[in-house]
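In the part that follows, the structures are each spelled out as structure tokens.
Next, two complexes with chain A in common: one pairs it with chain B, the other with chain C.
For the complex of A and B:
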């Protein structure tokens, strides 16, 4: 067995030794921490809350007290339990929506940006698709969501897919513009001169250099999808009550807030705010653009990740 | 060293449609071989960069024929092994010093890539050869571990030359390689290219709008105007006894520095 695996590991060791990759940026776990805590809370929270999130647990509209930390809403549901219980629905919808619309946006943005000025069929298709996305954006998001949800019913999946379709044009446009910039860069010609075909060019140079806008924009889309879920809940096509969800909690609590019973709207709002903040930090930690200058400094100052020529000479 | 030769016959390039398009290059007939150093000089928009890109098979001619070692560029482009051999033989050094390297890769990674993909070197061999080529250009191999933003414009251009030379091409197409650089940096690079041409018998096609640099490096000149060669001949002859009106006008612009020109041509 060892004789079979040995050359493999030797090859890998050599690959590592003569790799010329730039040092990878370290992920800042401190920035990730808040979002991890929220995810943890969403998973275990419902088991720890004092009341059920969906059954009446006390008097109607009672102010925050020891019995009901965040008070109760106009139906008598415990706001604290609902805020915690809503986390998993909101997180799943928002994360899935963000990822899905980013995937759609990146694929289309890359294709359209690369082919839109091409002659022939590819260019025609690319330009036609752009117009289709224009059409998609011309329809009000709420209306589009309404149509999608009324066709497929209000579920986590239909909401996610619907919102991803609504938000995808934003990502598409961002990526497309970056692709248009990158395709003029001289290093693409250099890569062609190095024998790369167009597909490899896209994967090795165009995609990595144009995707970062969409990745950085993910925190904004995360927040947007939470707000959009709320807006859809407001017009009655969100998740069906009494399923806990921050958006519908806020919208159904607006009357309470107007009459001075602030708690039923305030706490889900605060939860939403903290979540958006936590996930934008997380997205920054994971996808924030690597500043090449910093990398340059790191490569120059720290012990080199790649062996220096002296080390290579020694190895010989 | 194997010979390499371009033969151009009535080459034309048009961008866009027949009716509304723009003709960048027309009716070029010429020969470039690995023993020559040819300067192609002309103002911006004269079609010289388009010619360079066509010679590198990055652009196809609309009509006419470009043959490399007897083979049509179009046929070379259609066949993967032929294209790889062609890329080994012909390399391009571009004018853009800011975006000539992918900012996400180290310089070394970008230089190693052609060595591995075109000449089939192993990672280790490519790594070591990168050190050699980089040193040949007077740079420290350590610097190659930086991203392209980590070095100056002149150094970056040297790395770009290293990337082209690592496959030991027979013909180098240099498109405005020194135009964006300081005069002090220009000299070093020009000297290097001239020595390289002489010692390795690698052909140089030097595309530029600057006469002093071009006449310094090339023994032959082609003067390009609106997509055509208006004058062709040895550098000495073209500079001292220009025939075409455009060449005379071009030279008049340099009359302020006749001594330096004379010195360089001699």
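For the complex of A and C:
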């Protein structure tokens, strides 16, 4: 088969090009560095900060100075310590949400994509589940999050689970489309003829070939969940006040900003932006190397004719 | 006639499915809300109540009987377009929605309009004049899509333009407090001032709207630009563009044809952006002191107000689903390949 030899040569060409540009590896490492630093800061930061993030440490609303690098907020908490302390909460929530919703999305995407056009009960359940996911996406994420999180009480776990439920449809759709692409491939028939059962087929052949787009999308989900946590904190259902969290810090600092005390709102939002930027760079560095071919294959086959209601979920 | 039906099936089924979807959505939210911890009857009565008072209040709120009999009553009610009354305020959910929703919708639509406008202009610069400084800025900005949520931008914008520069009005509502409020005609606040020719009100309202709309447009256009630029670049590579140029079309006709071929992906995205902007509006409303759905939703949720929560979820989902449907139909009209059952779709 000529098509079987093509990717090989392309891969070889790619490798040659790569070895010619070795210094790029260093750039990749540099792209990973900021996110690693942030993770490190989240782990050891609370031990290094001058004050506790949850106890009053100085005068109310004092401007940035040597004693309080980022100033203090309207209650007298040290903004610098809180910005660092919040990194831990925000990162844990965002990472856990990203992983959980990817797991949910992959499981459902595999199942739905595989059984969607099956006859009988399995097909019906699969198609019904797709519709349910559609309905879930009809409500803006922030409203849905508001309902879910406030009912189960704002905690790290309820925020994570709630946002994972909200974001899972995005991953589900990406995986489903990939499964539909992979489903007809010849290697599946080959594996079947070699006597593999369907479950093994899904796990060993369909899963590894349909998961890449969803994995690459994790950086987007990470950013989204950081911002969604912050937005929920902003409308008032985030973690309870003394707990440091960037969104609720910005929210409670709004009045400060309106009266000219900019520092208590500025620093948490800068921290949030740097984090989102750092992690999206890290994902570019990682996936730009590991999976360019897999992603290219997926992109090439999701040809101009995409059913309309599906197209947007990928873009968002 | 049957032939007509089968040919028009693509849009008829799409339209007929909408009420069905909403109905299923209503039932699911009803059942899910009943799973949630928290007893609204107890929260209305306060800490001290007798068994008898509890039962009467339960009956008054329509929370007596089994979940299934409640569901039965609820279904009958929503089929009559009656969403019940709020447990906390006692006012009908439908009328509360009627006064609060238009403001939110208006802001979301205005935000969407300027998002699209900004994206069209900036994507044109980025794609057709790629060597300019502005184009580079636009591309970097679109790659950072989503890193700046609108509420952060809004806080910064308020600090710069209200606190420091004193050019923006105070974030305390849609109208300056010294102006009389406009009479309600359509319920959409800005539209109402325009219809009545209430010039001072319209100007004041426009001044109050500049910041929130600018913030929304800047925050959400990054995503639109990203998609628009990539689909425009794809459309330029098409043989159709080469055909245009070789057959002697002018620059304008060529550019127009590129935009038209890039349109479907963007139209779909813009539909999705609408739902996203409604969410963004809810956050911005609280910041700018606008009356709208946001504060209602937060209050309803925090007080376990079943009818109010069901009401706003259903209304918002209904509006979003209608917008999605319109977008889908528009795309399918423009591009028949996207109709269900056509060759190549799955």
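By definition in this document, the second predicted complex is superposed on the first by the 244 of 316 C-alpha atoms of A that agree within 3 Å, B and C clash if a C-alpha of one lies under 4 Å from a C-alpha of the other, contacts with A are read in each partner's own complex, and residues count from 1 in each chain.
As a convention for this text, contacts are C-beta pairs under 8 Å (C-beta built on N, C-alpha and C of every residue); 3 or more make two chains touch, one makes a residue touch a chain.
Quantities reported herein were computed from a predicted structural model and do not represent experimental measurements.
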First, second, both or neither for A:260, with chain B first and chain C second: second
First, second, both or neither for A:192, with chain B first and chain C second: first
Contacts of A:224 with chain B and chain C, given as first, second, both or neither: second
Superposed model, chain A: greater residue contact from chain B or chain C: C
Partner chain in contact with A:237 - chain B first, chain C second, else both or neither: second
Residues of chain A at both interfaces, chain B in one complex, chain C in the other: 304-306, 308-309, 312, 316
For the chain A and chain C complex, residues of the former touching the latter: 131-132, 134-135, 137-143, 146-147, 150-152, 180, 220, 223-224, 227, 230-231, 234-237, 250-251, 253-254, 257-260, 262, 265-266, 269, 272-273, 276-277, 280, 303-309, 311-313, 315-316
Chain A contact footprint on chain C (complex, rising order): 21, 24-25, 28, 36-38, 144, 146-149, 151-152, 155-156, 158-159, 162-164, 171, 223, 226-227, 264-265, 268-269, 271-272, 275-276, 278-280, 282-283, 286-287, 294, 297-298, 301-302, 304, 309, 312-313, 316-317, 320-321, 324, 327-328, 331-332, 337-338, 340, 344-346
In the complex with chain A, residue positions of chain B that touch it: 53, 56, 58, 83-84, 87, 91-92, 94-96, 99-106, 108-110, 112-114, 117-118, 123-124, 126-128, 130-131, 141-142, 144-150, 160, 163-164
Touching residues (chain side chain A, partner chain B) in the complex: 14-15, 17-22, 185-187, 189-196, 204-205, 208-209, 290, 292-293, 295-297, 299-300, 304-306, 308-309, 312, 316
